[in-house]
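One structure is given here, and the rest of the page talks about it.
Read from first to last, the chains carry the letters A, B, C and D; within each, the first residue is number 1.
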Amino acid sequence: MKRTYFAIAAGAALVSLFYGAGTTAVNAADQKAEPATMMDIDLAHAVKVANAAAAKSETLKCRMDIAVVDAGGNLKTFMRQDGAWLGSIDIAIKKAKTARYFDMNTGKIGELSQPGKPLYNIEVSNGGLITFPGGVPLKNAAGDVIGAIGVSGSSVENDHACAEAGAAVLTAK
Amino acid sequence: MKRTYFAIAAGAALVSLFYGAGTTAVNAADQKAEPATMMDIDLAHAVKVANAAAAKSETLKCRMDIAVVDAGGNLKTFMRQDGAWLGSIDIAIKKAKTARYFDMNTGKIGELSQPGKPLYNIEVSNGGLITFPGGVPLKNAAGDVIGAIGVSGSSVENDHACAEAGAAVLTAK
Amino acid sequence: MKRTYFAIAAGAALVSLFYGAGTTAVNAADQKAEPATMMDIDLAHAVKVANAAAAKSETLKCRMDIAVVDAGGNLKTFMRQDGAWLGSIDIAIKKAKTARYFDMNTGKIGELSQPGKPLYNIEVSNGGLITFPGGVPLKNAAGDVIGAIGVSGSSVENDHACAEAGAAVLTAK
Amino acid sequence: MKRTYFAIAAGAALVSLFYGAGTTAVNAADQKAEPATMMDIDLAHAVKVANAAAAKSETLKCRMDIAVVDAGGNLKTFMRQDGAWLGSIDIAIKKAKTARYFDMNTGKIGELSQPGKPLYNIEVSNGGLITFPGGVPLKNAAGDVIGAIGVSGSSVENDHACAEAGAAVLTAK
């Protein structure tokens, strides 16, 4: 029986799915790297984060581009839901990078980058930053930033809600 | 007798022009791919769109750069009317891409990207977006986005009017 | 019970997993868009392709960056296996784009771009192409190119083998 | 009766086509700007050049990207034949620019840019040059360079043959 890398355990019935190894890749990850102590997000958790954002997008009837970067600000995983804007590919990735580059929600930077504000036009740095909502740092249970998620494809409120939903899975009990 | 690729049938007299094949390339295209069902614009219809925009430009006494991209946002055809601004080459292409990247008129994005608005400085993404009017999605008769047109070279009102004129040929009866 | 977007049905036991909707997202996709007729890869199949490449990477004891682009050459999904080279993020994406841009394996282009060969230094075009092995077009069962996969992170032989393994899932019976 | 900008007179029957003005745009152009004295290619002749290249492509059963730049090296017209490589959009434009930048066939530059040759790696300049065949300067009857054509989408031999066919229309008697 063929197994898939992205398969994520959703219940006891899935425990023996991945390569017949008695556990999924994600379960294995869960066991070796607890969010509480992980200092750099691994693929399994990045996928979990992206999946949670995608699930939120589905409930909002949105079509999102979703990117997760690691502690170094480098792309870890990405998915474009069918029908999501092509222009949001780059924006989702830039939101994730921006959130990690400054360890804060992108929307917060946007407040400071307006005309007359302290960070005016900071967007031209780093090959292009996106400073409106939709980028959120990813933290382990101890509060350390271990990556970031960026979501783009709808209103900034929806983008942010999906990013928050993704980030939440790492700190949820 | 020499035949031309771009020649577009304007009446029965033209039917046997293209390569002596009994039809023009565009007529052939019209017959095999109706706008109602086409999911990615073909060259014949892209040229038709560009021609309509150019014709509108002529009536407005403008000199325009006109670009058409396909469903993937990739350049399909382009023309610069004699005397049109050199700086508008890139702008016309970027307008077309921007309209396809977000499936909306570029001017609509521009309303949201002003200081204090939700998409402030979105223009730094995607290698440069143009968010003032002149970019319009191209739709088939069923309403699916199959590409976009971007026009630049005059006032944004004129740019938009020409883009609209181009887009209209795909849905006109 | 929590459900995940990327979860891919591997058997009857999984059929009712996704959002309690009686089917997984991928199963739904499988049912509505058969690879034989799909003209642009959807997310479900893109993930399937990436998963297959990742599974091959596991068997080869590699750590890969894996990218899938759609028919328009735009990023659809991406994953970086834990420990994979950071420099391979961009290379994997560029390999996928290159394979779609020319509808052939990247290594084939590389043979033609050597000093003295017909396509010498083609790599400077398109914002950077990667012309060594690891990029493979994705085809539906009818042979139409509907996207491409790019893999980077090991020897070019391993990269190519993983890309091939990914591409194979779309045409496998 | 609707008229089109790109319509090009192919015989007496077409003379009254464009906007009912008693002549096509191209005929008007032919009358006001003879290739013999034109110092910068106009749109009508650029389209004529592109059409000729496209017609050659049809006879060769190719699918080409075809670009024409003016005397300033700026894009004048472009068309991508249906099914032509996406990666050849940029290459066709770069070939046209390269041919005009140095007023010679691109393939000639390629001979000089090989390892150990005088122009080694010149391709990295100017935002990317393409130095294999397919770019050809456009000359008026007096031999002045008034633009260039770039063709990409097949073997370099076919690319060059189509570019030559396009260039030939300006000097043909």
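Observations, loosely collected:
Just so we're on the same page, a contact is a pair of C-beta atoms (placed from the backbone, for glycine too) under 8 Å apart; a residue touches a chain by one contact, two chains touch by 3 or more.
Everything numeric here is computed off the predicted structure, so don't read it as measured data.
Minimum number of contact steps separating chain A from chain D: 2. Taking the mean Cα position of each chain as its centre, D sits at the greatest distance from chain C.
For the interfaces B-C and C-D, the C-beta contact count is higher for C-D. Averaged C-alpha coordinates give centres for chain C and chain D that are 35 Å from one another. Each chain gets a centre from the mean of its Cα atoms; for chain B and chain D, those two points are 21 Å apart. Per-chain Cα centroids separate chain B from chain C by 31 Å.
Each of the following residues of chain A touches two or more other chains: 86.
Contact topology of the protein chains: irregular, matching none of line, ring, star or complete. You'll find the chains touch as A-B, A-C, B-C, B-D, C-D. For chain D in complex with chain C, the residues that touch the partner chain are 85-88, 90-91, 94, 110, 113-115, 121, 123-124, 128-133, 155-156. Residues of chain C touching chain B in their complex: 39, 70-74.
Note for the complex: chain C touches chain A at residues 1-8, 10-11, 13-14, 17, 19, 42-43, 46-48, 50-52, 54-55, 58, 70, 72, 74-82, 86, 89. Within the complex formed with chain A, the chain B residues making contact are 72-73, 98, 100-103, 115-116, 118-122, 124-127, 129.
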